[in-house]
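Here come two complexes built around chain A, the first alongside chain B, the second alongside chain C.
== the complex of A and B ==
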C-alpha cells in the first residue's frame, strides 16, 4: 500500500516538475492526436456532408460499410498500415514504419470513417427547413449544403472532439507503428502499457492522470458546444 | 500434482523446453521477462526462482538477502549487429567498446532495449566503457523485448546488441549482420537463484533447489549443451570445469 502511495506522490512530482521524459511523452501524444484529428476532419467532414446530401442507389450500403469501419479494433488498423509501410510493403521505400508520420497515418485512417459517419448524421439532423429556405432563396445545391453545414458547425466540432478522444487513448496503432521510441514515438498509452509492465507505476499513473484530464476537457468542451447550439 | 512453480527468466529460449523435460512430475511456469523485472518479481514474492544474466544486479540481490543458492550454469555471448552497409565501419573490430564509440561518433542509428534487462545493462556498461553518452535521436530506447528490438533494427537498418541465441533464432528473417563478436566484454553468463525461504516461507524452495541442482547436474548440463535451434547450439554449460 505504501508503495502505491509512494508511486502516486512520485506521479504528482513528475507532473508538476515537468519532468523531461514525461513532457516529451505527453507532447508526442498530443502532437499525433491533433495532427490525425485535423487530417481526419479534412477528409471525413466533406465526405460526411457529401454523403448526407447525396442520393444514390447504394447509399445504405456505403453507410453500413462506414459503420463497420467504426468497430474495427485499433490493432487491426495498425496491422493493416504496418503491412503497407514496412520495408517489404508497397510503401516500404518511404521508411514510415516506427516514425511519427506512420503513427499519424494509421490514426487518421482509424478516425476518418468515424468523422465521416458522425458528420453525416450531424448534417442529417439539421432542420430540413434550413436547406429548403436556402434553395428557395436561389442558392445552388452546393451553396445550400454549405449553409446547412454552417448551421451544424457546433455539432461538427463535437465530432472532431469525439474523434480526438478516440485517438488520444488508442494504443494498438501507436505501439505497432510507432514502436514506443523514447523522445520520438513514445506516447501516453504506449508508455503506460510498457513502463507499467516493468513496475514503473509512477510514470504510468502520472500519464493516466493526464489522459483523465484530457477526457474531462473533451467532455467539458462538448457540453459547452451542445448548450451553445 | 504439485501446483505450478513460477520461474522468472531472462531470455529463456529453449530453457523452457529443457526445464519442462526435467519437470514432468510438476508444472513449471516460465515467465519470460528481462533480468531487472525477473528480480523485481522475486522481491515481490511472485516467483520461486529466477534465471537471469546481470551479474551486478545478482550480487546486489544476494547481498540484500532476497536470494540463495546462486549458480552460474550456462553462458553464451552477445554480438553487435548492424546493416550490411555498416556506416560506422565497425565490422571486424575486436573491441565492443571501440565499436560503440564509432557508432556514436558517426551518429549511426542504434536501437536499445531500454528495459533494464540484462542485455540493456550490458549495453549501458559498454557505452560507459566507450566513454560515450548515448542520446536521442540516433540512440533509440524502445522499452521492449529483444524480438521487438531486432524487428525495429532490421526495419531501420540500425545497429543493436543482441544475445547470439535470439539472433540465431531469427537470423534467417533478418537483414542484419554480425559485425563484432568474440570480445570478452560480450560474454554472457546465466545464473539461477531461488528466493530466500526464510523471507518467503510459502515458496516451493525444495523443488526450486532440486531444479537448480538438476540444471548443474551432468544430465542437466548435457541437455543445455545439446539444445539447438536450426542446428545451432545456443548455450554452453558452465558447471563442470568452468565457473562455480
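== the complex of A and C ==
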C-alpha cells in the first residue's frame, strides 16, 4: 500500500515538475495522435460524405466492410502495415519502420474506417429536406453535399474526437511500428507497458493520469458539441 | 418570362412507394404563367407530384417536360434551376436569415451586388428586415416559414412550387405573402401550390387540380393564367 502511495506521489511530482522524459513521451503521443486524426479526417470525412450521398448496388456491403474494420485489433493493423514497410516490404525503401511517420501511417489506417463510417452515419442523420432544399435552390450536387456536411459539423467534430480517443490509447501500432524509442517514438501507452514490465510504476502512473485527463477532455468536448448541436 | 407555351408537360407518370401506387397521372399540361392549386386529402400525392415537378424525385415511369425540355432525371441541375420548391417543412440552414436567403443566389452565380439588392428587397417585402442578421435556427415557426418563402421567391425562377406554404404563417403574415405571390404572377411566374388555404385560392384565383389516391380527379380546362399576367 505504501509502495502505491509512493508511486502516486512520484507520479504527481513527475507531472508537476514537467520531467523531460515524461513531457517527451506525452508530446510524442499527442503529436502522433493529432497528426493521424487530421489525416484520417481528411480521408474519412469526404469518404463518409460520398458514401452517405451515393446510391449504388453494393452500398450496404461497403458499409458492412467499414464496420468490420472498426473491430480489427490494433496489433493486426500494425502487423499489416509492418509487412508493407519493413525492409523487404513493398514500401521498405522508404525506411518508415520505427519512425514517427510509420506510427502515424498505421494509426491513420486504424481510424480512417472509423471516421468514414461515423461520418456516413452523421451525414445520413441530417434531415433529407436539407439536401433537397439545397438542390432546389440551385446548388449542384457537390455544393449540396457541402451544405449537408455543414449542417452536420458538430457531429463530424465529435467523430474526430472519437477517432482521437481511439488512437491516443492504442498500443499495438505504436509498439510494432514505432519500436518504443525514447524521445522519438515512445508514446504514453508503450511507455506504460515498458515501465510496468520493469516494475517502475511512477512514470506509468503519471502517464496513465494524463491519458485519463485526455479521455475526460474528449468526453467534455463531445458533451459540449452535442449540447451546441 | 418564358417563351415556351407550357411550363410542364407530364405524360404517363407513375410513381410508387413500397409497391403501392402513389401517383398515376396519364397526362397533365400546365401553361407557362399559370397559377395552379393542388387540393385533396392528406396522402393523395400532392407532395410527391411537387417533388417530381421540382426534379428532386425521379418517377418510376413516365416523362416530365419542363419548359419543353425532357428531364433526364435528378442529376439535371441546369434544368432544375428553372423551378424552386418551397417545402412544407420550413428547414433553414444553420446561418443567419440573410445567409439563408442569399444561398440560392450564390449557388446559381448571381453577382454580389445583384444579390445584395435582391435580398434587401425581399427582406423588406417579407417584413424580415429586423431579423436579417438573426440566426435562422432561433426563429419561431412563423418567422421560419416567411424566411423559406422569401428564400424561394428571391430566386425569381420561372416556376415556383409551393407545398402548403401558409401552414405555419399567422393570419397577419398571410396577406404579405399573397402579395409576394401576386407580384410573382405579374412577372409571369408559373406557380403550383399544394394548399388547403382558402386565402390563397381567393387571392390568386388558381386553376384547381383536385387529387385523390394519386390521381388528378378534377382538372377544369381553365388555363389558370391570371388576367394580370404579363
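In the analysis below, the second predicted complex is superposed on the first by the 229 of 229 C-alpha atoms of A that agree within 3 Å, B and C clash if a C-alpha of one lies under 4 Å from a C-alpha of the other, contacts with A are read in each partner's own complex, and residues count from 1 in each chain.
In this text, a contact is a pair of C-beta atoms (placed from the backbone, for glycine too) under 8 Å apart; a residue touches a chain by one contact, two chains touch by 3 or more.
Bear in mind that the values here come from a model prediction, so they are computed numbers and not experimental data.
Asks: Mind checking chain B and chain C on superposed chain A, clash or fit?
Replies: Aligned on chain A, chain B and chain C fit with no clash.
Asks: Give me the angle at the C-alpha centre of chain A between the C-alpha centres of chain B and chain C, rounded to the nearest 10 degrees.
Replies: An angle of 170 degrees, rounded.
Asks: Applying the document's definition of touch, where does A:97 land relative to chain B and chain C: first, second, both, or neither?
Replies: It touches chain B, and chain C stays clear.
Asks: In the overlay, answer first, second, both or neither for which of chain B and chain C A:199 touches.
Replies: The answer is first: A:199 touches chain B but not chain C.
Asks: Using the touch definition from the top, say if A:147 reaches chain B (first), chain C (second), both or neither.
Replies: In the superposed model, A:147 contacts chain C only, not chain B.
Asks: I'd like to know which partner A:181 touches here: chain B for first, chain C for second, both or neither.
Replies: Once the two structures are laid over each other on A, A:181 reaches chain B alone.
Asks: What does the superposition give for the shortest Cα distance from chain B to chain C, in Å?
Replies: 50 Å.
Asks: Once the two structures are superposed, pull the chain A residues common to the chain B and chain C interfaces.
Replies: Touching chain B in the first complex and chain C in the second, no residue of chain A appears in both lists.
Asks: Quick one: which bits of chain B touch chain A in the complex? Just the residue numbers, please.
Replies: Within the complex, chain B contacts chain A at residues 34, 36-37, 40, 114-116, 136-137, 140-144, 148, 152, 154-156.
Asks: Can you tell me which positions in chain A touch chain C when the two form their complex?
Replies: That would be residues 127, 129-130, 132-141, 143, 147, 150-151, 153 of chain A.
Asks: Which positions of chain A touch chain B when the two form their complex?
Replies: Per the touch definition, chain A meets chain B at residues 86-87, 95, 97-98, 179-184, 186, 191, 194-195, 197-199.
Asks: Considering the complex alone, what residue numbers of chain C touch chain A?
Replies: These residues of chain C touch chain A: 51, 54, 56, 74-75, 77, 80-81, 83-85, 87, 89, 91, 93-94, 103-104, 107-108, 148, 151-152, 155.
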